[in-house]
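Please find the structures below.
In the two assemblies presented below, chain A is common to both, partnered first by chain B and then by chain C.
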Partner chain A sequence: MRPYLAILSARFRALLQYRAAAVAGFGTQLVWGLIRMMIFDAFYASSAATQPLSREHAVTYVWLGQALFAMLPIQVDADVRNLVRSGSVAYELLRPVDLYGLWYARALAARTAPTILRAVPMFVVAGIFFGLEAPPSLGAGLGWLATLAGALLVGCAFMTLCTVLLVWTVSGDGLARWAPQVTYVLSGMVLPIPFFPAWARPVVEALPFRGMVDVPARIYVGDIQDPLRELGLQLGWTFALVILGRFLLGRAVQRLEIQGG
Partner chain B sequence: MVYLHLILASVRSQLQYRASFIIMASGQFLITLVEFAAIAALFARFGTLRGWSLAEVALLYGMVNVSFAIAEAAGRGFDVLPESIRTGELDRVLLRPRSVALQVAFRELQIMRAGRFLQGAIVLGWATTKLGVAWTVPKIALLAASLVGGAATFVGVFVLQATLAFWTVETLEIMNTVSYGGTETGQYPISIYRPGFRAFFTFVVPIAFANFVPAHLILGRSGVPEALGWASPLVGFAFLGACLLVFRLGLRHYASTGS
Partner chain C sequence: MGAVAGLVSRRHREVPALDCVSFTIEPGELVGYIGPNGAGKSTTIKVLSGILVPDGGTVTVLGRVPWRERVAHVARIGVVFGQRTQLLWDLPVVESFDLLREIYRTDRDEHARARAELTELLDLGPLLDTPARQLSLGQRMRCDLAASLLHAPDILFLDEPTIGLDATSKLAVRDFVKRLNRERGTTVILTTHDLDDVEALCSRVIVIGKGRILSDGSLEQLRSGVTRERWLLVDLEDETAPVSDPDATLIRRDGRRACLRFDPERVPAAALIARISAAHRIGDLLLQPPPIDEVVARLYEKLL
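And now, the complex of A and B:
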């Protein structure tokens, strides 16, 4: 376990240095959140019909998504992409650590350090000025923290799977480019899942993506009361994605040909 | 025309990667389609948005996306300007006896933006059919001019973003909030936003004139002076002109990085 923790902590500390990028990311997400918030405000002001989420909950849901945007698995590991392209990925195979574990540790660092830099100011600004509410109860807050950890684990398992796909250069790269779009829609970032049409919900709710944004956000506002069941789903999907990622990586390494030189 | 050669060379080089072109273009097509489906889902729940129907919003949505797709295809060359400044590549561009702005713009014509263009056009077509717009020659001309005027506005934003690199020597990602954020904003009636925000996208970066203002005339809605509606495409070109002036100012300020 120690080498992976070392990789995690080294990458984590390295990524904490990118403060200018964090400021830019924070600004982008703030503007995005404002647009979404104003759109929801306008919709709620236009209709008195009962909605699946109250206006306050919808706005809080939007801000949680923006605050934790950097946690979404939408950017594959650029370093690994370059390693594959240049052929240096061969060196990765020489390291005396498990490659999947190494990449998973890198994914964990990449989803935590940037998130902390952006989320803390976002909670402060959106909390004071733009209607990001506190969780209604201690239970909701704790459930949120637990499922946030679940969201991190399942997100990183999905990210590492995408990283593994990169080894299949052309076709894998194409698939990995699709992943962010799929994640973005099915996690609830584009539209909170409760607003999805009824026919789409059973499918969307069974998929792993919802665990990345929708689950923690709805537990936070108190819309979902059963965090344990959701956490179980997140961990089940994490397990399945890890198994799939490991299997594909094994296959990839077997067929890997490195050009000498 | 030398610029035409530049454009064709860029298109040919991108078509060499056919599989990745198809994947990227279809990916973009699908994601924008789903984004529109999300708006439709909200209308299914709320019925109306401050007096605007789904089809009317679809007109705004289609217009701004087509404009943005044209702008991205034509003006994304400015994206690589900061890189050219950093590497010193820009010095070579300056040596050529041709317009710097056009050389930069046409270095890269991104054809994979076809996905967004297609989707915007489909939504636009659906909206006008659904609304039963009574098309007249002036209205068609206004729509076409507004699309190009809107594209000019977005190219202006790209130019401005790139120009800042003359001073900062790096890309300012925060400017993406104006280009992408402007598209996002323009997908809904500008009137639903808060005053400061609305003023910014009307008077500073005039995206309201790319769709909201001319759409009033096309839809026959009241609320916008008629003359202003007809003149709205000009606003986009005026904005682009102003941005190009700033670009020239930046160019004069430019001192090679020496690398």
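And now, the complex of A and C:
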């Protein structure tokens, strides 16, 4: 575990070098949260029909998403992308560690470090001013924490898979643009999954993306009562994505091209 | 049009990057591995370091096949790619070193000892707390060298370690590599385009071109394999006097200094010198083999 923990801590310290970026990220998430909140306000004010989530739950859902935004695997890590593009990925292969583990640790570091920096102030600000409510019960709170960990694991497995796929392409830009859009929509970050049309929901609910935002948020507000089943799904998907990623990485290393001589 | 044509149809052509390349390097050797651009130098380094899997052939390094036992293999080697850095861009150099300690699972005391030693040898003291992105190229290269040696590898691969460095930094890198090889007995394999590196460091030179070995031996052997000729530099008292000899060719004339090329099998150096000093008043004389750059350029030309 030592090498992987060290990567995590190095990443965390690198991030602390950029305090302005953390402040800017927080500001952006706050503004987006307010916009999304206003959209929901307008929506609830103009509709008399019963909605799948109450207004209070929807607002809390929005703020949870904003607070934990940095955890969402919507960006192939810039450092790994640069490694592949410049050919410095060679140095990664020169380390006496399991390459998949190394990249998974990088993904984990890239998700947790900024999240910790941004989530805490967001919970405070949104909790005091903008209607982020506390979980209704201790069970919901614990279920949230457990599925939040699950969301991190499945998100990092997806991210590492993207990183592996990057090795198969030259610049990885196509993938780096495509992956976020899918994750963004299917995780519930744009629109909570309960608002999706009935025909789409079976598909969306079967995919791993929902475990990254929708599941923990709805357990938090008490809309989903069975955290264990959801956690099982998250871990199942994590397992599947790790197996696939490992398989593809094994193949990729056999035919790796290192850019630039 | 090339890039546009590539959009419509791409033709592929198989190019063997390495072909019949075979050599053995003994522990403690310091070997130069040179060749023109695209010759297959970096490919060889990548195969030997276990990050590229060849389509065929056998490679054994320290008793292991590099790509089959990658993790065990890379723990015993160090690699520096001159054009790339392994330091964490945003963090002080010392943090990169700490991270490497964890990745190589080096014992804390051993790491501290290696770090202190390398810091002294490479004069890194003032650089350790500087983020890598603020280092000059020469400083960065010294730090990269240290980073690749913290785990005390048995073999060090240097891929163009002096590229882009100023004269002082080049000398510092050369001195260090020489000491490392002599004092620690680390085997060093060096690729470079700077033949002064080779001349200063390597007891053995392997020349590769178009994926094949062209020459393997000492610098002297390389020279005599390509050409027997010698250069005679003469400083004349009279700046305007024309110099000529039936058995020698004038290559250059800079004011008083004339540079003549001759084949010692056709005319012994003593005879040539005697003839020229009989015809001219001479200030100074220097007899030397052609510069290594010249020799290697001629070897590369044969490839075309």
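Quick note on the criterion: the second predicted complex is superposed on the first by the 249 of 261 C-alpha atoms of A that agree within 3 Å, B and C clash if a C-alpha of one lies under 4 Å from a C-alpha of the other, contacts with A are read in each partner's own complex, and residues count from 1 in each chain.
Going forward, contacts are C-beta pairs under 8 Å (C-beta built on N, C-alpha and C of every residue); 3 or more make two chains touch, one makes a residue touch a chain.
Here the structure is a predicted model, which means the values were calculated and not measured.
In the superposition on chain A, contact is made by A:I39 with chain B only, not with chain C.
Look at A:P3: by the touch rule set out above, it reaches chain C but stays clear of chain B. Once the two complexes are laid over each other on the shared chain, residue contacts for A:Y184 go to chain B alone; chain C is not touched. Using the contact criterion defined above for the overlaid structures, shared-chain residue A:L138 touches neither chain B nor chain C, since it reaches no partner.
Contact with neither chain B nor chain C is seen for A:A78 once the two complexes are overlaid on the shared chain. Chain A has more of its residues touched by B than by the other of chain B and chain C. In the superposed model, A:I128 makes contact with neither chain B nor chain C. The contact surfaces that chain B and chain C form on chain A in the two complexes do not overlap at any residue. Contact residues of chain A toward chain C in the complex are 2-3, 5-7, 10, 13-14, 17-18, 86-88, 90-91, 93-98, 253-256, 258, 260-261. Those residues of chain C whose C-beta lies close enough to touch chain A in the complex are 37-38, 42, 46, 49-53, 70-72, 74-75, 77, 79, 81, 83-86, 88, 90-91, 95, 98-99, 102-105, 131.
Listed in rising order, the residues of chain B touching chain A in the complex are 19-20, 23-24, 27, 30-31, 34-35, 38, 41-42, 44-51, 172-174, 176-177, 181, 184-185, 188, 192-194, 197. Residue ranges of chain A in contact with chain B, taken from their complex: 21, 23-25, 27-28, 31-32, 34-35, 38-39, 41-47, 49, 51-52, 170-171, 173-174, 177-178, 181, 184-185, 190-191, 195-197.
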